[in-house]
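Per-chain numbering from 1; labels A, B, C, D and E assigned in written order.
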Amino acid sequence: MVKRSKHYRRKFVPGTPPGTLTADHDASPTNIQIMAYGPDSFTEAVLTSVDEIRDYLGKWPNLWINVDGLSNVPAISAIGQMFNLHPLALEDTLNLHQRPKMEDYGDHLFAVCQMVNNSDCSELDFEQVSIFMGKGFVISFQERAGDCWNPIRERIRRGAGKRLRLTGSDYLLYALLDSTIDNFFPAMENFGDHLDSLEDMALGKPGKEVMAQIQNTKRTLYGIRRAVWPLREALTQIAAHEDLMTAETRVFMRDCQDHIIQLLDIIESYRERSSGLVDIYLSSLSNRMNEVMKVLAIITTIFMPLTFIAGIYGMNFENMPELHAKNGYYIIMSAMGVIAVLMIIAFRRIGWLGSIEKS
Amino acid sequence: MVKRSKHYRRKFVPGTPPGTLTADHDASPTNIQIMAYGPDSFTEAVLTSVDEIRDYLGKWPNLWINVDGLSNVPAISAIGQMFNLHPLALEDTLNLHQRPKMEDYGDHLFAVCQMVNNSDCSELDFEQVSIFMGKGFVISFQERAGDCWNPIRERIRRGAGKRLRLTGSDYLLYALLDSTIDNFFPAMENFGDHLDSLEDMALGKPGKEVMAQIQNTKRTLYGIRRAVWPLREALTQIAAHEDLMTAETRVFMRDCQDHIIQLLDIIESYRERSSGLVDIYLSSLSNRMNEVMKVLAIITTIFMPLTFIAGIYGMNFENMPELHAKNGYYIIMSAMGVIAVLMIIAFRRIGWLGSIEKS
Amino acid sequence: MVKRSKHYRRKFVPGTPPGTLTADHDASPTNIQIMAYGPDSFTEAVLTSVDEIRDYLGKWPNLWINVDGLSNVPAISAIGQMFNLHPLALEDTLNLHQRPKMEDYGDHLFAVCQMVNNSDCSELDFEQVSIFMGKGFVISFQERAGDCWNPIRERIRRGAGKRLRLTGSDYLLYALLDSTIDNFFPAMENFGDHLDSLEDMALGKPGKEVMAQIQNTKRTLYGIRRAVWPLREALTQIAAHEDLMTAETRVFMRDCQDHIIQLLDIIESYRERSSGLVDIYLSSLSNRMNEVMKVLAIITTIFMPLTFIAGIYGMNFENMPELHAKNGYYIIMSAMGVIAVLMIIAFRRIGWLGSIEKS
Amino acid sequence: MVKRSKHYRRKFVPGTPPGTLTADHDASPTNIQIMAYGPDSFTEAVLTSVDEIRDYLGKWPNLWINVDGLSNVPAISAIGQMFNLHPLALEDTLNLHQRPKMEDYGDHLFAVCQMVNNSDCSELDFEQVSIFMGKGFVISFQERAGDCWNPIRERIRRGAGKRLRLTGSDYLLYALLDSTIDNFFPAMENFGDHLDSLEDMALGKPGKEVMAQIQNTKRTLYGIRRAVWPLREALTQIAAHEDLMTAETRVFMRDCQDHIIQLLDIIESYRERSSGLVDIYLSSLSNRMNEVMKVLAIITTIFMPLTFIAGIYGMNFENMPELHAKNGYYIIMSAMGVIAVLMIIAFRRIGWLGSIEKS
Amino acid sequence: MVKRSKHYRRKFVPGTPPGTLTADHDASPTNIQIMAYGPDSFTEAVLTSVDEIRDYLGKWPNLWINVDGLSNVPAISAIGQMFNLHPLALEDTLNLHQRPKMEDYGDHLFAVCQMVNNSDCSELDFEQVSIFMGKGFVISFQERAGDCWNPIRERIRRGAGKRLRLTGSDYLLYALLDSTIDNFFPAMENFGDHLDSLEDMALGKPGKEVMAQIQNTKRTLYGIRRAVWPLREALTQIAAHEDLMTAETRVFMRDCQDHIIQLLDIIESYRERSSGLVDIYLSSLSNRMNEVMKVLAIITTIFMPLTFIAGIYGMNFENMPELHAKNGYYIIMSAMGVIAVLMIIAFRRIGWLGSIEKS
């Protein structure tokens, strides 16, 4: 579950000049990798200094620079200057908890989105990913090491002559975004299982923490929706970019948008389900109360008349002929038995006895 | 009912290159039929190999190739190449659980929709149908054998000189979509009956599974809505296609859209009804609790005072004149009887006795 | 109330060619009336054969042909051919349960709407009305005989020199639609009274059928809304028609739209009210339960301590001095009386006694 | 509170020709006042006949004719003919319960709105106001005598050289509308106080009429909203009128629209509050039930074991040694006292005793 | 919490001429500061008279006049005349509780927004801020002394050669608005903590005031939303102003809008949470009731049969052999013990005993 309210801490002090770059106090150490490729050849390296990028610049049709960890502000700032990235976009890169968006800075695009890092629904772990794309380069910034892009790296490595190697940086941007979005699907499947088990809890288990958990789930879904919904428009904007997008990639972008819509469909249906869970739980509570009340009513209805009869013959009147009858005791006891049996039959008739199960 | 969460499993691994064709692991065996027709003549055949299509290509004004079962990827891929279908569209054809949509690939249209295969509401069975339409051909792909298009096949066979034979592939596309949509109506009628019986359950039967069933029904309705809603826009897009749609067919398409809107109206009204079911069930639970409480209150109110009186005369005080009175016992018993009768009259007055029915 | 689900039965078999005319199996017998009028003269007749229409065609500025009952398909089809009406529109005329709409077929308009045939809210009876309007003619089709148009007929008969006789068929169309819409208002007034009595029931009467009735009412309102809402847009489209609508009639159409908006306002406020009824009923149930519980608690609280005291002096200990005291019995009885009175005072203080009314 | 359903009675018979003027059967007597003014001079009079208007016509830059009471149909009709007002607009003037709107009849505007005549929230009293505005004249029709326009009259009287006297009829229209809208604000303040007291009732007082009152309040708010909401668009239309609106007045109209939006904001927040009241009341009912149940449970839990013990020593076994013990009675009584005290301590521990207040 | 209804008091009397300036009766004393700056130099002063402004006018590239406290109407009016500010805008400046908005008066912009003056959520304190911006000047009016703009003042003082000093008044406007918006974030964080503690209360603490507090929180959130939501459009309008906005500042404005959207996202998610709190509280009440009922049912079920048995042997029949049996008493006592133990085991089995915690 997304932790309570934590999500909205912003590190900067109100009034700070815009474009000021400051690292998050618990940012991961920075690690920079580069992949350079063209139709026929490719190379990759882990960089120790930002300046090494210049060895690749202008020598390869496409560069993909991936930065894991955002603690090294000077390095990030140097990359920004090298590729002429806009300072506000760089500031957004360092400020976590951005809403997914795409911004057009003329010669480069800037896209922010959230990547799911695990598919274990009980602690859905988002990581902010910022991607800059210009002619011949893609630069991606991730909060932490570890991502879902290894299949793309493999396709670059082994894909001589294939589409990813033949086309430009716009197609690489598409591939990265598409992979990030597709990675939501397994997480959503697990989430569906989580909803199933929550429904079982709502139906079966008492305890007030069930409702708190349902609300928590609703909040998580709301968070996922917030991470996906704005992507829809962002992708439309990216696909519409005249200079940086080729017509060919645009068709693929449309496919990617389809996946987002499918994702949003799933999220919406999960939101409906979790709203239904509230109803299920409340009716389940009412049902349980009904059962308890029935037990109470049955016991009371059976024993109150019997106790009353016993009370009558416990009275100390002098003149009570029944008390002196020889079989008075046995007759009364039998009468009580008959009353009890009739009561039980009556309760079975109106269906109260049958419906009391283990609650 | 649509099974829980199962619906959203996607077969492909995130990061797979787009356009990769892979069959679903439990796809049905592929079976290809062809119908070729013109105003005056027609022929039909079941194909054993994709190459046989070439025998018909260019020789008939209209071809309708129908593919049941999506397991034979090479055959599907061959058809794709023969008619120059876009790889992304073919990929969507194989990937089940697509949202209904229409896509324009210049020289051919691609439409995906869901077909209802049965009208038994308790297990509504959707099948994904993908249709490609270009000048002179319609190619339809279905998940499984069996569909609702036999009346159309009959109209082709017997319809010499009638509209379906006289007009082009756009009218055939319309006929297929219209028939698919009309097939929803009997299913919705059964669903209405299902809602009726659910309402009876909510009013009458206790048990917490009723609420779970109501929620299930809401979810099924949500699923149907998702299968119909996007069709509305898709049809608008199809009807608006300049090259492939004739003005004449456009009028029919408008009629088909009317049916979709009618369908959506029904779905919306069913959704309102199922929301109302929650209220009915919750109030029904409250009513039942009220009945139980009344039984309890009546029994307690009648017997508590009586038992108290019996208790008084069971006390062992030496000086209790009533105990020695000759008719003390009978007087007290009569007094108890009077009290009980008065209580019952009072309960009847305030309407508690009358309202306790079999719950 | 609108009957459950019945509403959505469609008579045709999916796959039937579009434009096929089939009568509903329980359609009323067809009866055709004609009114022909100009500024100075008018005539009217009940027709026995469609061919008689030709006697009027071209000889009168305006023709109004009204068809009651849709069983005579050949006659309806003949009228369609005579006036060149579009087959799809004629099909819609025969297919009941159409959504209100307007369609433009170039030289004639086609409008479908629902007419309220009674204003008794407990069984709101809709009848489908289809109207074709072209230069010089209006043709109206009704499900059954009987309508709310007699005032219009009177205005034609007696209105020599007045607007209805002076203007063309567009004004007649307006008059028919306006009258149909105005006829909803008395029905809505009765519906308001029905809501009042339902509110009284929700406040006062127990029984679970109240909630079912509230839901039924919501459904009826939903049905009325569906019959009115689309009219709004349909009228806008009619008013906007360039060829068939004169500027003068357009102003009147705007007035008619105002009435629709007013009607929708009423419907919306009734929908809010019926939602509120659910809350009223549920809180009324809770209140009633509270009353029952209070009775139970009061009885228990008063008699349990008294019974306990009686129990104490019913114990058989040898050494119980009170039992031998001369006035022990009277003292204890008085003490019990005091306890009971104190209890009752306490209950009155906390307001429990006062609030128990006849529930 | 707005009375139930009464609101929607329409006086006219469906089918009446449009533009027919009929007075409401309980319309107030008609009283006509005129104010004529220019930058430097002004005059005012109460008219006894409509013809007197001709004495002012064309002699003053601005005329404001105010008609209170709509019973004198001939007079109203005469005014209509004198200023060439559209018959449909005049009909709307006489038909009460119009939705606020503005209509453009070329040379004059027609605006309908609701005026609050009191600010006592418990019986919000609306009056329909219709205003016609053309070059040089404003004609206002009110249901009854009495309005909120006296400050404007004073400004005309004393305002020589000020804006109201210097500018045209468009500014007067603005002033009238603005004053009408501003008059809603004190009513809304009182309504806020009403909501406060309702919240106190929901929290504190039992009784099922509270919920009915909450629903009533929601309905009143809905009615107010319906009286304000359409004004927003109407004002936009008025402000946009090219011929009759000067650029200067347009700026003021924008200010007036701001007030409407502010009003709608207040209404929306009140609607949220009244929805919250439902939740407050329902939870308050549940809380009260909890209290009652706790009293019951405490009494039962304390006295049942004690009564049982007393019952044991009331048994008539011959061989019960305790009965013969010298202090048996005192020991048992002490034991009962200890049990009772322990129970009370336990109930205080789990917080049941502390939470039972006066309900 | 925002106080009830107080918020909507408007000081002016309906009918007052527009543009009339009147101070709020409890307005703070007016205090005017000026900052004048250019790229290389700056000066600041606290003014004692409005006329001192003329010493700066035209001599500095940028003037920022800040007015704290709105009681000195003549001074404010004098500033208005000096800079030619529109009277309606000045009136809005003095009228508190304006909705955030931006208005374009040709040569100057007028923006109103709300500033959060504290971040303590339990008493969120808004202050209305009105800002006029024209070529070379920004004039800000605040309700009270004290604001969140000190970092901006510092940036002006120390920022020689930096962007704020180099660019025009449009950038200063941006900086003021951005700082005002950023100041909402810490307040929202505290609000999140408040929601956390409210959730704990809803889960744990009984008492009806919890629901009232939840509703209060919802109302506060609604108030915050109303203070933020309209800013979104206002900023779009400001950014779009052709004359007064440079392309450079427009990019920054876009960043500022991003923050507003982020803020609205947080507010929406808080609103969802507070809605969930209602569900949590209601289910928590039901759970508590369940516990109470279980205690009652357990006590009754255990002691009723035992008391009945004791009652039997308290009967005074002459012929009751058990009474004379030597160990009769002990056997019956043991039997009672066994029954009690069996009951407790049964209750543990069905899970009633385990679930009763401290409620």
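Assume a contact is a pair of C-beta atoms (placed from the backbone, for glycine too) under 8 Å apart; a residue touches a chain by one contact, two chains touch by 3 or more.
Worth saying up front: this structure is predicted, and the values here are computed from it rather than measured.
Student: Starting at chain B, figure out the least number of steps needed to reach chain D through touching chains.
Tutor: 2
Student: Using the contact definition stated above, find the chains touching both chain A and chain E.
Tutor: none
Student: To the nearest 5 degrees, please report the angle of the rotation taking chain C's Cα atoms onto chain E.
Tutor: Copies differ by a rotation of 145 degrees.
Student: At the place where copies chain B and chain C touch, is the share of residue numbers found on both sides over half (same) or under half (different)?
Tutor: Counting which numbers both chains contribute, under half are shared, so the two copies meet through different residues.
Student: What's the distance between the Cα centroids of chain A and chain D, rounded to whole Å?
Tutor: 43
Student: If you average the CA atoms of chain C and of chain D, how far apart do the two points sit, in angstrom?
Tutor: 26
Student: Taking each residue of chain E in turn, which ones touch at least two of the other chains?
Tutor: 282, 286, 289, 293, 296, 300, 304, 307, 311, 314-316, 320, in rising order.
Student: Once bound in the complex, which stretches of chain D touch chain C?
Tutor: Spelled out, the residues of chain D in touch with chain C are 4-5, 8-10, 12-18, 86, 88, 92, 97-99, 101, 103, 206-212, 214-215, 218-219, 222-223, 226, 278, 281-282, 285-286, 288-289, 292-293, 295-296, 299-300, 303-304, 306-307, 310-311, 313-316, 320, 322-329, 332-333, 358-359.
Student: Quick check: in the complex, which residue numbers of chain A touch chain B?
Tutor: Residues in contact with chain B: 148-152, 155, 162-164, 178-179, 182-183, 185-186, 188-189, 192-193, 195-196, 199, 203, 251-252, 254-255, 258, 261-262, 265-266, 269, 272-273, 276-277, 279-280, 282-284, 286-287, 289-290, 293-294, 296-297, 300-301, 304-305, 307-308, 311-312, 314-320, 349-352, 355.
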